[in-house]
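Each of the next two complexes has chain A plus one other chain: chain B in the first, chain C in the second.
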Partner chain A sequence: MKILKMAKHDLDFFASVLPAFGEVYAPVQRGKGFVFDKPSAWSEVRMDYTRTILPPKKLLLPPRETTFSFDPDQGFTDNLAEASKPVVLFGVHPYDIYGLNILDRVYAEAKFPDPYYIARRRATVVIGIDFVPDDKHCAGSMNADFVDHGFDIFLSDIGDDYLVLVGTSRGDDIVVKSGCLMQPATEADFAEYKKRSRIRRDSYKTKLELGDLPEILEMEYNSKVWDDFGARCLSCSSCSMVCPTCYCFDVTDETELGNRAGRRIRSWDSCLLRTHALVAGGENFREERSSRVKFRFYHKQRGFVAEYGRPSCVGCGRCVEVCPAEINIITVIETIRGERDGISSSAPASA
Partner chain B sequence: MKPKIGIFGLSGCWGEQIAILNCEDQLLDIIGAVDIVDFLGGSSVNDAESRLLVSFVEGSVANAREEAKIRQIRERSDLVVACGSCACFGGVSAMDAPFERPKVIETVYGSNGPIKSWDIGPHRPLSDFVKVDLAIPGCPMETTEFVRAVSALLNGDMPLMPTYPVCLECKMKENECLLVQRGLPCAGPVTMAGCDARCPSHNIACIGCRGPVEEANMASIEQIFGDKELPKEQIKLKLRVFAAPVLDRTEERG
Partner chain C sequence: MSESKSVLIIDDDSDFVRAVQALLESSGYRVRSALNGREGLQLAKTTQPDLILLDVMMSERTEGFFLLQEMRRVPVLSNTPVIVVSSIYSDEPVFRVDPETGWLPANLFLAKPVEPAKLLSEVKRLTSETSEKSTAATGRRQL
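And now, the complex of A and B:
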């Protein structure tokens, strides 16, 4: 891996070379929140954003995408050309890059590789930046606050400069294209990086212990706490929508008016919804709300660990931010470990 | 021969019929695919006798005359589609459900008002009287859902209606959460989606016009409203505006 540095005041020059590599998406403000969007001017880009409402997943696995269209005369036409349009995703935090790496395991490296995801991932340049954790981030505990792959370039704040990690040959192309902006990094820069890395690691306000969590989850499988969470859960699916590693989808067909042509559409789904485990004949494998809340956390923290060797939570804090019922990675892990007495004193009684 | 369809309005604001006429980009495709033979809101010449493949009916049933009308529509139609929240749940005019109608009329129009003699009973959804094959809720229903329904029904299919709450579509549109982040009384978590989070996308809290989701967790959302210092009863009152009969029956069942 090549390590260079670039002056912070040169960032907008650096940004001006990016459109040559694809349509640029970067963190910009929306309301009080942030989103990855096409900035109309570089001054809109917020290098200090906390987290975006939706993770970068939205660009690689769109909330609703047409995978192919069909026509009785012409057969079907896939949408891979659309999925292959080059994109530059600028300003991705390390836990979100980790999230993409987890999606890679499921969508690109698993038994049935997904052509649409792979096309988009290949067409997407990822430029990471580091961040200052707030009280909802627990990426440190999830071992997702540093990444060693999954990006083309990674920028770390070292004061007046960014330390520039070049992760791929495509990243190197961008470096070459940005010409004299990049300088060799010095010993002093590395020392500054190490100092800041330490400060960042120590600045997490939320720490969760993952060590024996799969075992504790095993012990607590029949615990009453799941009924309490089930009684609170609204099944609104917000947690799944904003999760960088929730990857379930539903597939539907839409026909055109008056003929038999149409489209096949893939949309995000959620295991918190009643229909997720509903099958033909009306049988539902997870009829109870409590079993759905439980399923979500067992999948993230136990099932995924068994299959892929690490939990699929990256500690981004989005579920902490959006769940109206405060059922999130922090409250659930602390409750299940017996380190917290439920969510609120006035929780509705379990049904 | 093109399949014949009818479009009817009972007690309501005729908003669904206007929504249908507003499908401007698809109107030619619609009349290319079906023959609209009975549609008082769109034509002064109507055929009230023919057999119909589909009847789209908006509005609630408010008296014996409308009950007879919906039964007659059912009899001449292969499929009956309830359009809009009045037809699906009773709608706004069913809000008075727990009160006695004469008392409500007296409160509104005074004791000497002429309105007392009107033949208007409680407003009830179509499904209280006849079998409804498909319900498209909304106030008014979304034109996209209407067009999708026509297209699916012509292919011999039922369109897939959303069963999930507004939050799913609201998150997909990457809106800031009005309930959690702004503390506004948003009914999104317990309201049926399908509107693409129309109101929250304009920073207006969901008013629940598409009716409650099947498993609306009222106890929890009331609790959450309370925690946010919003009046707890507000969420139920909001949902009752459009779907009082449904909520009252759910409560009776416990």
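And now, the complex of A and C:
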């Protein structure tokens, strides 16, 4: 991996090269939150954002997309050209890059690779930046606060400069086009990086122990805490929608009235929704809310570990931020470990 | 014919705009102007000029770069000739990105202060090229 440096005050010049590689999306403020969007001016981009409302997943696996259209006369027409449009995703935090790497495992490297996801991933330049954790981030505990792949370029703050990690040949193309903006990094720069890396690691306010969590989950499978969480859960699915690694989708065919033509739509789904495990005949494998909450956390922290060797939570803190019932990765792990007495306020009436 | 050609100047330096506008109008060009990138892009989309003179450092240091890339994504502006006229090429090392590496889709770069005769000849050349291409395309359609 090539390691260079770039002066912070040259960031706008560096950014002005990026549109040559695709349509640029970057973190910008919208209302009180941050989103990945097309900035109308570079000054709109927020390098200091905490987390975006939706993860970059939304660009690689859109909330709703037409995968193909069909017509009795013309057959099938896929939407791969649309999915192959070049995009530059600037300013992605390492835990979100980790999230993309997890989606890669599921969508690109699994038994049935998904052509739409693969097309988008290949067409997307990922430029990462580091971040200062707040009290909701637990990426350090999830080992997702550093990534060694999944990006084209990664910028780390080392004071007046960024240390520039070049992760791919495409990243190298961007460096070449950036001309003299990039300079060789020095020993002093590496020392500064190591110092700041240590400070960042130590600055996590939320620390979770994952060591024997799969085993503890196994022990607590029939625990009453799942009923407590189920009684509080509103089944709103907000946690899934904002999660960088929730990847369930639903498929529907929309046909035109009076015609057999139509399109196949893929849209995000969530295991928190009652319909997720509903099958023909009206049977539902997870009718109870408690079973749906339990399923989500077992899949993230146990099933995924068994399948891929690591949990699929990246510690972004989005579910901590959005859950109206305080059910999130922190409260669940601490409760299941017996380190807290469930969630603070009283449970709402079960519906 | 240069009399019928239109030029859009996008530059936040109103003195420069007035001077170049007078120069071009005296040579028969119709001239519009915008003092920032957003207004310039809007005007370019609606008026579809035959040529655009574009500054780089406006309200932001690299505004012109982003604007030019954005213009190239608008179908009606994807082939419009653009001359980047900027002081970023002065001796002061403000400009630290090399457009010669091919990332910036401009037709020509001219340094400020620009020589009036040079500017006029380049505007004439680029608008004529567009005209010839347009005539050739029309001719092919007629065939």
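Keep this in mind: the second predicted complex is superposed on the first by the 346 of 351 C-alpha atoms of A that agree within 3 Å, B and C clash if a C-alpha of one lies under 4 Å from a C-alpha of the other, contacts with A are read in each partner's own complex, and residues count from 1 in each chain.
Quick note on the criterion: a contact is a pair of C-beta atoms (placed from the backbone, for glycine too) under 8 Å apart; a residue touches a chain by one contact, two chains touch by 3 or more.
Just so we're clear, the structure is a prediction, and the values are computed from it rather than from any experiment.
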Clash or fit (per the criteria above) of chain B with chain C on chain A: fit
First (chain B), second (chain C), both or neither touched by A:275: first
From chain A, separation angle of chain B and chain C (C-alpha centres, steps of 10 degrees): 90
Contacts of A:17 with chain B and chain C, given as first, second, both or neither: second
Which partner, chain B or chain C, touches more chain A residues: B
Touched partner set for A:321, first chain B, second chain C, both or neither: first
Partner chain in contact with A:176 - chain B first, chain C second, else both or neither: second
Partner chain in contact with A:236 - chain B first, chain C second, else both or neither: first
Touching partner for A:258 - first (chain B), second (chain C), both, neither: first
Partner chain in contact with A:40 - chain B first, chain C second, else both or neither: second
Partner chain in contact with A:223 - chain B first, chain C second, else both or neither: neither
Distance of closest approach, chain C and chain B, by C-alpha atoms in Å: 24
Contact residues of chain A, present in both the chain B and the chain C interface: none
Parts of chain A lying in touch with chain C, wherever the complex brings them together: 10, 12-17, 19-20, 23, 40-43, 176-181
Chain B-facing residues of chain A, complex: 30-33, 35, 53-54, 58, 63-64, 231-238, 241-242, 252, 254-258, 260, 268, 270, 273-275, 289, 321-325, 344, 346-349, 351
Residues of chain B defined as touching chain A within the complex: 26, 29-30, 32-33, 147-148, 150-152, 154-155, 157, 160, 163-165, 167-168, 171-172, 174-177, 179-181, 188-190, 203, 213-215, 217, 219-224, 226-227
Interfacial residue positions of chain C with respect to chain A in the complex: 37-38, 59-63, 65-66, 69-70, 73, 95-98, 101-105
